[in-house]
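Mind having a look at this structure? Questions to follow.
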Amino acid sequence: MPTFHTRRLVEFSDTDMAGIVHFSNFFRFMEAAEHAYLRACGLSVLGGWEGETITFPRVSATCDYVKPARFEETLDIEVTVEHIGRTSVRYAFTFRRQGEEIARGKLTTVLCRMRPDHALEAMPFPEALRQRLERGPADEGA
Amino acid sequence: MPTFHTRRLVEFSDTDMAGIVHFSNFFRFMEAAEHAYLRACGLSVLGGWEGETITFPRVSATCDYVKPARFEETLDIEVTVEHIGRTSVRYAFTFRRQGEEIARGKLTTVLCRMRPDHALEAMPFPEALRQRLERGPADEGA
Amino acid sequence: MPTFHTRRLVEFSDTDMAGIVHFSNFFRFMEAAEHAYLRACGLSVLGGWEGETITFPRVSATCDYVKPARFEETLDIEVTVEHIGRTSVRYAFTFRRQGEEIARGKLTTVLCRMRPDHALEAMPFPEALRQRLERGPADEGA
Amino acid sequence: MPTFHTRRLVEFSDTDMAGIVHFSNFFRFMEAAEHAYLRACGLSVLGGWEGETITFPRVSATCDYVKPARFEETLDIEVTVEHIGRTSVRYAFTFRRQGEEIARGKLTTVLCRMRPDHALEAMPFPEALRQRLERGPADEGA
């Protein structure tokens, strides 16, 4: 399964009165890294696939906090596609600052088609979409 | 023009590394107070009016910061409908902590109908809606 | 172990373009509910205990999303102190809307003293503090 | 006075249920652009200057919204140092998407030294610091 790297500069508004990145923001960071991965695969979290609008709502999110991150630090975020099920994708993320682990987390998302009434309906992965996610970004493959 | 009061407890995630409420959050607080005002008038910021979906996107927002606000402080927010134009409403907000002024701001919003394609279109205030906003909440009128 | 209930109205700024509460905000909601629990126990997440400044940084956070939550819905949040270890507390949260489960999550926090240089140091629970957390709010006991 | 450009990709968590960037997030974007400007000048919003810790709390913030911005759009943010007073700096920001104006805003900040008790005290601009801000980034000067 492919691995992908992206970076993020900690902003002032990411911090809290403890002087560190507020723990909830790591979930925003994971989501943005997931979307960067999808873009690198030529996809979008809210995109089109064979005439349908598809999206990936989350069903589960976890994060373990190892060290605090601070304002103006640059975090390296490693994104790994850990598992692709019939309708779901699980990503694992590792946050590092100059090689040192800061946090690690997971997001499980479900592939959904958007129906004309905007309701979401889980759908099995089309084979070509699954392959696109499994193969990963063209320029980071083996 | 009516005046309305609501209160808000500062949460940990509202603060930043300076130990105070991040300045951008006062805009979230103003919007929540505006929506509490609309609810008190029997309206919603995204509601229905005579068969149409109406909403109030913002065109301008300002805030002046007088004193910092901190975690677990309770802020009193005074909402005043300052001006209702042909299609717009301007609200003024004053934040106080035990009577002491913390900040004051303004939001200007425009009444829009949502078209079937979800695009927004400014619309003149129906007279009954204007009166509802001008009169204010039933239980806080003069 | 005690159970505590608090409520929260979903605000416009809690939502995302999918029209639902952004998943990261459930972590803000859990933290605010934890702090409401601590206040109900006569404590604060950043408080004093026998001359020391104590605080509870988080080491782990998880959430499972069952149904989406939307603007102006009121969520009931049930807080349960699930486990108190030597230095840590684990809370479980269930979000419900009119009895229907929306999400459930956990936060694990560690009791720390703040040293004079503002660094944090894990400390074993003083017996009286443990009892305060185990007993829960005076007005919700069995 | 110098002008500086930075770019920002709109993230999913920046949007609201209206499908556009939540208006409060433009203030976070302005602040991040201000900090990028300060870094480009070799400064930090929370930095050191001749042995003192200096910082720039905001006293006023405004934004006018011209067009909505949406997920995965890249915004160009132009930062202009509009005025440097005895203790204050006023920045103007213009947000554009492919040349089209999206929003414009202002932030007024005050130079403060942090006293040993962490209280903030406004201080007049040291001449060298004023010149650094007036001159702007080395690689974008006239």
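Just so it is clear, A, B, C and D label the chains in written order, and each chain counts residues from 1 on its own.
Convention: a residue touches a chain if its C-beta (ideal position, glycine included) is under 8 Å from a C-beta of that chain, and two chains touch if they have at least 3 such contacts.
On a predicted model such as this, the values are computed, not experimentally measured, just so you know.
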{"item": "Most remote chain, CA-based centroid, reference being chain B", "value": "A"}
{"item": "Equivalent of C-D within the choices A-B, A-C or B-D, defined by over half of its residue contact pairs recurring", "value": "A-B"}
{"item": "Whole-Å separation of chain centres (CA-atom averages), chain B against chain D", "value": "25"}
{"item": "Rounded Å distance between chain A and chain B, as computed from the means of their C-alpha atoms", "value": "34"}
{"item": "Chain centre separation in whole Å, for chain D relative to chain A (CA means)", "value": "28"}
{"item": "Where chain C touches two or more other chains at once, by residue number", "value": "12-13, 17-19, 24, 28, 31, 46, 71"}
{"item": "Touch list for chain A against partner chain B, complex", "value": "12-13, 15-20, 22, 24, 70-71"}
{"item": "Sites on chain A touched by chain D in the complex", "value": "11-13, 28, 31-32, 35, 39, 44-46, 71-72"}
{"item": "Complex contact set, residues of chain B against chain D", "value": "17-19, 23-25, 27-28, 31, 46, 55, 57-65, 68, 118"}
